[in-house]
Amino acid sequence: MAKPFREALKTKEFVVTAEAGPGKGSNVAKMVEHIELLKDRVDGLNVTDNQSAVMRYPSLGTCLLIKEHGGEPVLQITCRDRNRLAIQADLLFAYSRGIDNVLCLTGDSVDVGDHKEAMPVFDLDSVQLIHLVHALNSGKDMVGNELDGGVDFCIGASATPSADPIEPQLIKFEKKLGAGVDFIQTQAIYDLDEFKRFVEHARKTDAKVKILAGIVLLVGAKMATYMNENVPGIYVPQYLIDELAQAPKGKGIATGIEIAGRLIRQIKEERICDGVHIMAIGREERVPEILEAAGL
Amino acid sequence: MIRGNNKIVAFCCENSAYLAADKAGRMRLHYPDNVRIIRVPCVGRVDLIHILKAFEKGAAGVLLIGCHEGACQHLTGNTRAKERAAYARNLLKEVGIDEARLRMANIAPDMAQQFVREIEDMTEKTKER
Amino acid sequence: MIIAERKPLEEIRGMIAGYKKILVAGCGTCVTICWAGGEKEVGILSSQLRLASSGEGTELSIVEACIERQCEKEMVEELRDKVQDVEAIVSMACGIGVQTIADVFEEKPVFPALNTTFMGMPEAEGVWTEKCRSCGDCMLYWTGGICPVVRCAKGLLNGPCGGTRKGGSCEIDPEKDCAWVLIYRRLEKQGRLDLMRKYYEPKNYRAVKRPGKIEALKA
Amino acid sequence: MQIRIGVFLCDCGKSLSNIDFPKVSERAEKLQDVVHVGLHSNLCLKEGIEEMLSTIRDGAIDRVVIAACSPKLKEDAFRNALEEAGLNSNFLSLANIREQCSWAHEGDVTEKALELTAMAVERARFLKPLVKKDVPVNKEVLVVGGGFAGMKVALDLANLGLRTTLVERGLALGGRLEGFETNPAVPINSMRKAIEENRDIEVLTSAELTRGEGEVGDFSIRIKKGDEELSRSFGAIIFATGYRPEISPGDFQLRPGVNLISQEKLTEILKAPERLELRPKTIGFVLDVSDENCRLPTLSALNDALAVKERLGSEVYVFCKSLKVDSEGVEEVYREARDRGVVFVKFEERPRICSEDGRVKVELNDILLGDEITVFCDFLVAEERIMPSEGTEALSSILKMRIDSRGFCQDENVHLYPVSCERKGIFCVGACRGDLDIARASTDVASAVLSTYELLAPGTAIVEAERVKVDPEKCRVCLTCIRVCPHGAIRLVRVDTEREVAQISDLACEGCGICAAICPAKAIDFEGYGDEQILAEVQAIGESL
């Protein structure tokens, strides 16, 4: 059995989590494979919630699977698909089944997903969601009704250190810290100097919050360029794109693994933050290699 | 049922196309006689309903002819007409009228040959329908 | 002002299929100003309908009219004489006008020729943008006069999402500004950024009980 | 009342043989509301017009349709004739059966001539009378900019008896003429004195325009002078805001230590050569790098080159590509410069300029020698680019005028040249329109002064009242027409205590009809080109007669 994630946050010098992206369909075999592969190598498996607004197997269901296979799940909840009733109900259910880590997110717009005509809910925003989880943790629902059997969630929030302009993002980030979170998981970072400035800023508001740097595995120069152009808040510096471009054909991913390993090693060695969250979008099976490259 | 009259209605700016048509006459440049010129003070005066009504009357084609871009006495009349023609083509498409039956052209007052070519061209195009 | 746009001709023709005599009724207020359903558009739609049906060889006679406001029962009454002579009414008003006509002339089928889209303002000639969603709980006083409910694609109340694109445009459309970046810049200019730092509770979606009703005379 | 249309057919001295006039005549009689059809051979001659007039005077008809030559030829004469006969001159509808019918087609065109006549008749049925009226115009003129052109405009207008207000944002009049070597020399001081002495010229220095409303004949302008804001009214406005020289950083990098200097700096040196530690042995000028058609920079470089020769006695090189000498007197200056020993070196490829041992090294391929040459200069005077004055854009937007693609006054449009802009009663003169020398600016001034005089001197202007008119009942106040009118001729006017509606100034309107086409409420009527009149013509097309 994995050690509880919140324990790891408190005690471990360097926390490592990995992202698990559910697939489209009821076949969970591949997911189980990934769980088995990663559950003992990382401190938490973080499950996306209809990521990129593309309908998939649910976050909650995947978290249950992780639990069943002896892993430590982190439930991602977005505000896009559920109103405040549904979110609270899901959280109660999650806690009742031993899922007690939650990452509170706004959620990508339905316009970027595969059900573009869906109603975007956004009854709450991410800051309000954090407040909601705190309310539940205190034994009451968000309108103040007593709960029969409370919850105790370890609460996380996200941040975008490379946003441009950064100031409005920082104000919102401070609101998240103000609402009270146990850990921060960032959007992919590649420029460590910029990231250091961000951590410094975060520490000024909340000295104790645990910060996990987001590491997205680059599989080639094309992906890096695509992300720069199309994924808000992610900026891959040109020297990394060049490095990827120089990789021999078919070896792009190996270079990507090396880059990810190098970043993680540097973060750990320089104690820039408290850990990393590895997002190997669609290449979860390569996470062990990244860990090896990072010397973990 | 609207009967076809096989006419081409040419809304001509009196500062350019209308003068070009006059010049074509003076030069005896003969062109098909199915064209009906309607003089307008600026091609920007031509409204969508004028175009549509011409087709309702059974026109084979409609031409909007104004000054060259940058030479409109009213600065934006010809560019507006161009936009309007594009919009009108969509309206025509919706009712199943070949978009090629509506065209916007730019002509200078002395371009008699060009005027004749526009008329001949439209006549030729609309014959095929 | 209410902004609307005309439905595709095919959809309108689908609605009126089978009717031989129709009234196309425009509205002289909001939809006139937004170039969707005024006297001018009544002329255009009628002309298109005539052209399309003559192209098909079907019979269609159209009565054209445009009144001051279709959302007023008394004004809609002006159409009564014309309505008597037709089998169906195509209303070129917003959804409110269509319903008023349908209420006044219950015996006749009424068809909407427009899609009512939003409340907005003219941005440039022929361009309108949405500015208010009539949430019934106006918060413009703390957002620098920029409404996040409608201008933020997600209607967020506590700041931008992580989707803000480089330079401050919106996740869903690089052509649109991120409302929260606009709010930040406005409040910064006014030296009121403290307003943005405050936490705002989840929105009260019962500020207006839907369907909305206001009784101004009631205490 | 029943409309009674008279149709006058003209066979142009029996020359239009491919039209069967008796047949046209016979069938035209059957057209709706036609009560008279006359066949003529000479409608454009006095006798022809007399024949027509007698029919009108009989009172038998009240609308006239003339099927003859192009309206572009005789329309005005026909309208005058109508008026002479006591009929409103707008009750005229023309069919162009000569240029656009008889002459344009081969074979018999009787049918077409008849249809064109029918179109004109149909249109005539919808004509309404237009009343000519006098509108008063304010005879005062605002001149913006107190440089050479502005001063000259003010003086010339004042001499013609029109009062002017000359607004200059600087401390004094004179503009760039101060310290600018001109040939022939401009008597700037005597101009200044003449203005001071002229009681018809009010000079406001350190003053700027802040707001502008209204149209030709009645502009309301706010002028800020110090802390004061003055409200004034003018009948016309003349822009003479001049230019601003600029050295493009991309073309030349003026760095301290490198003796690449601006023209301004050279003027400073020339004023007090005694302050120089060392008399420069060689001075170079470089031209045609940023703009091959530079007029003012060329002129000033030539004048400065001569001044350098005279006052410093240095060796002078002018590095140029084509040397624009098309301004008055410039060829002469150029010859004089050559005679005095100024060396002109022509290049095709951009010279390479760098500093070496405290001097400026210019390397270039001399196209006359066909060889690379190197010249060391103590100073190299950089070419200036002529740019619009600062604030041109803001000023233009105050008066709702368009600027050209380079930011100068006056949109690029052939119809506006030389000095008009799209708004009637506003003129642009001199270098605010671009790179114009003194001689050209003087021509501009003459042209603008003449137009202004014509416009304002009578104190009133004759207009056709409400030719293009907004129906206040139908106007939805959507402001579309105000936004689209290319001539700034429409504004909101309060019609009663509650309502404002768009109103078109009869004087400022140029009759394009763009507003009438775009008005979503169909509230704008354009007599002569109204919807019902245009559609009447359309309706007559293809009607079997």
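Note that the chains take the letters A, B, C and D in the order they are written out, and that residue 1 is the start of every chain.
Please note the rule applied: a residue touches a chain if its C-beta (ideal position, glycine included) is under 8 Å from a C-beta of that chain, and two chains touch if they have at least 3 such contacts.
Model, not experiment: these values are computed from the prediction.
Common neighbours of chain B and chain C (chains touching each): D. Farthest chain from chain D (centres taken as the mean of C-alpha atoms): A. Counted by C-beta pairs in contact, the busier of B-D and C-D is B-D. Per-chain Cα centroids separate chain B from chain D by 28 Å. If each chain is reduced to the centroid of its CA atoms, chain C and chain D end up 42 Å from each other.
Mean C-alpha position of chain A lies 40 Å from that of chain C. A straight line joining the Cα centres of chain A and chain D is 64 Å long. Each of the following residues of chain B touches two or more other chains: 47, 49, 53. For chain A, the set of residues touching two or more other chains is empty. Touching two or more other chains at once are residues 484 of chain D. Contacting chain pairs in the structure are A-C, B-C, B-D, C-D. Against chain D, in their complex, chain B makes its touches with residues 5-7, 9, 14, 18-19, 21-26, 28-33, 36-42, 44-47, 49-50, 53-54, 57-59, 70-77, 80, 84. Chain contact summary for the complex, chain C toward chain B: residues 8-10, 40, 43-44, 47-48, 50-52, 54-55, 57.
Within the complex, the chain C residues that touch chain A are 153-168, 171-173, 178, 180-181, 183-184, 188, 193, 196-197, 199-203, 205. Interface of chain A with chain C (complex): residues 79-80, 84, 106-109, 111-112, 120, 122-128, 131, 142, 158-160, 163-165, 167-169, 171-172, 174-175, 178-179, 187, 232-233, 235.
Partner chain C is touched in their complex by these residues of chain B: 1-2, 47-49, 52-53, 55-56, 91-92, 94-97.
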